[in-house]
Amino acid sequence: MKVTVSRRAHFNAAHRLYKKDWSNEKNNTIFGKCNNPNYHGHNYELIASVTGEIDQETGFVIDVKILKDIIKNEVEDAFDHKNLNLDVSEFKSLNPTAENIAVIIHQKIKAKLEGHLDLEVTLYETSRNFVSYSGK
Amino acid sequence: MKVTVSRRAHFNAAHRLYKKDWSNEKNNTIFGKCNNPNYHGHNYELIASVTGEIDQETGFVIDVKILKDIIKNEVEDAFDHKNLNLDVSEFKSLNPTAENIAVIIHQKIKAKLEGHLDLEVTLYETSRNFVSYSGK
Amino acid sequence: MKVTVSRRAHFNAAHRLYKKDWSNEKNNTIFGKCNNPNYHGHNYELIASVTGEIDQETGFVIDVKILKDIIKNEVEDAFDHKNLNLDVSEFKSLNPTAENIAVIIHQKIKAKLEGHLDLEVTLYETSRNFVSYSGK
Amino acid sequence: MKVTVSRRAHFNAAHRLYKKDWSNEKNNTIFGKCNNPNYHGHNYELIASVTGEIDQETGFVIDVKILKDIIKNEVEDAFDHKNLNLDVSEFKSLNPTAENIAVIIHQKIKAKLEGHLDLEVTLYETSRNFVSYSGK
Amino acid sequence: MKVTVSRRAHFNAAHRLYKKDWSNEKNNTIFGKCNNPNYHGHNYELIASVTGEIDQETGFVIDVKILKDIIKNEVEDAFDHKNLNLDVSEFKSLNPTAENIAVIIHQKIKAKLEGHLDLEVTLYETSRNFVSYSGK
Amino acid sequence: MKVTVSRRAHFNAAHRLYKKDWSNEKNNTIFGKCNNPNYHGHNYELIASVTGEIDQETGFVIDVKILKDIIKNEVEDAFDHKNLNLDVSEFKSLNPTAENIAVIIHQKIKAKLEGHLDLEVTLYETSRNFVSYSGK
């Protein structure tokens, strides 16, 4: 009897999409205005969804307070009010597309969960653009 | 050619999270302010998602009016403006966590659907906390 | 050059609408299922809107962190995960309708703001029912 | 390492649910007020979700601008501000239920995607009624 | 001590914007694709906001059930699943722009309210376009 | 008979809150993590609300397409995917707080409206923090 428990969080950050070893022309062709060298930014909305059996004692799959604290420590404290390219080590050499940010967030939260729990993350870059990753 | 048809509904209810055979200290440790003996409450948002083949005559998987009526009879009439712990028989001895409420709602709606239809329910306790259960 | 700065917050609470000196019949006629003696509950969403001149030094009408802290101290800590009728002194003898809750919240926040600032509060009891009060 | 990239779009349209070879009585019984011969309408919200591997060069599964353009060409230009029954060829003989609209949209977008990409579409007819189709 | 009580409702309708005594060219210039002779449609969201003194007996400005019933009788029953141009008498000779619909709704609801209550209506034609009218 | 017509738009931008002639310590005290020298960012949501008489010919206060184009030219093209401090002339010496951005947007849109129309702008920096300015 597997239930999925989801927690929503958010962080605000600046970023720039580009590839260092490409010409400026190619970066503009592929990344358009997302390649602004002065950066732009987003209010990122995150949903972390944890799947597992209900604990018969507590009635919880996971205590949401625990999930909330993991998200705060691993994601909000690391990414909020930051420049993803300059301030966050994972994106020093990894392009901070929504896809790559979702994969990094998945890795960071998954490492803190008990091993029997599955995780999917959904990351909204805007209300119109979002990505999901479940580690599969 | 399976399509999923979803219907959103809501109900307002009071509840308290605790386990009768635990000490007050243990209940406070595990359930925190959700263990207020005077109860607190939520606007629960429910999404019931029914999956099946499209009927070639009507173009429907299920007539949404039928799904709406099942939700009204099984969930809204039973839970809305109620104290889940005191007024709802299923939670007399079952802790009304979001996980357990979702399982009960799944059982109640599933019993009223034609057997070839699959069901998933998603229950928002707040806009930040929600759970999903598909009976698997 | 007056600007209004708004901050959104929320709290979850149980309540019951009734008047002690009325008969049960009259309470049921006026308050319907909101008169459940076992209580029901809501996720209340609050918007506190502060109007004043922009400070030319900071560019702020009010530092949102200050407004956030006032809301936390005056409203969230006092009302969240509470039974409004039983746990909150202001509603011991005042019916906790959305209208009356909004007036109380307005009084509590206004008392903590600098005198030159105006305040309006909007309180959502559900996404379909909400009230506003500006102290006028 | 498969990631799903979703893009939200919308279109406004009129429609009528009915089956030509049924009597008016049967159409009213099955489709109710959706059978108004003068039509009614909706703001349809569409989410197109594309799943595939992250391109290691760009960090994209699909450039969202490409997905946005496909949705514009295939769905918005074809359906927006239209009468689905009268103006859209696919619904000349197919009842424009949410289920059938979702299947048609899936076919139209899928035909424009690279073959290795999976697609799911979710179509909101109202905020309370929505359907999903993944071509399976 | 005036408080504003708001109630949200919705209706789905088809409409067409045009002026009978204008040429087709002029109608297309002014109303663009909203002039589709086969109609298009919307999910209209309505907020009716009633302002008055709090009744000291009930704690209500207006019982929301009363407001809900007025909206149902005057707006939902009259406009929902209708073609505004063809099925609704007020728009037989009045262009059903959002502005004009809001004014008509204001007149219909205001006529059913007690005279000491003020009314503002806000009408969302889409989530991006909306109008407000307070009768002033 | 004055009606208000509102149009919602959005733009994504990076910014930093600080005052050049203050010490780093004072900037950190006042602006906290908003003073990150590498910038952070937001998805700004804008509502521009125009008030005037309904034109009896068209049924419009203002054609929403005209308002949409003004917002695009004056706000989206100027601010979207930009660093407000570095790329936008108005904020070279003006701190880009939400309050100040709202005032600048008001000035830019107002200058393009016919003189008899009133304007209010509401700017959401996040879904929890927003400001309004009507030029009064």
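Letters A, B, C, D, E and F mark the chains as written, and numbering starts fresh at 1 in each.
Heads up, the rule we're going with is that a contact is a pair of C-beta atoms (placed from the backbone, for glycine too) under 8 Å apart; a residue touches a chain by one contact, two chains touch by 3 or more.
In this text the structure is predicted, and so the values were computed from the model without any measurement.
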*Any chain that touches subunit E and subunit A*: D, F
*Contact-graph separation of subunit A and subunit D, given in steps at minimum*: 1
_From subunit E, the most remote chain by mean C-alpha position_ = A
*asked:* From the C-alpha centres, identify the chain that is farthest from subunit B.
replied: F
*Using CA atom averages as chain centres, what separation in Å is found between subunit B and subunit F?*
41
*asked:* Report the inter-centroid distance (CA atoms only) between subunit D and subunit E in whole Å.
replied: 28
*Residues of subunit C touching 2+ other chains?*
127
*Spell out all pairs of chains that touch, sorted by label.*
A-B, A-D, A-F, B-C, B-D, C-E, C-F, D-E, E-F
*Which residues, counting only subunit F, touch subunit E once they are in their complex?*
1-9, 49, 54, 57-61, 63-65
*subunit E touches which residues of subunit C in the complex?*
17, 19, 30, 32, 94-100, 102-103, 127-133, 136
*Quick one: in the complex, what on subunit E touches subunit D?*
10, 12-15, 33-34, 36, 38-43, 80-83, 86-87, 126-127
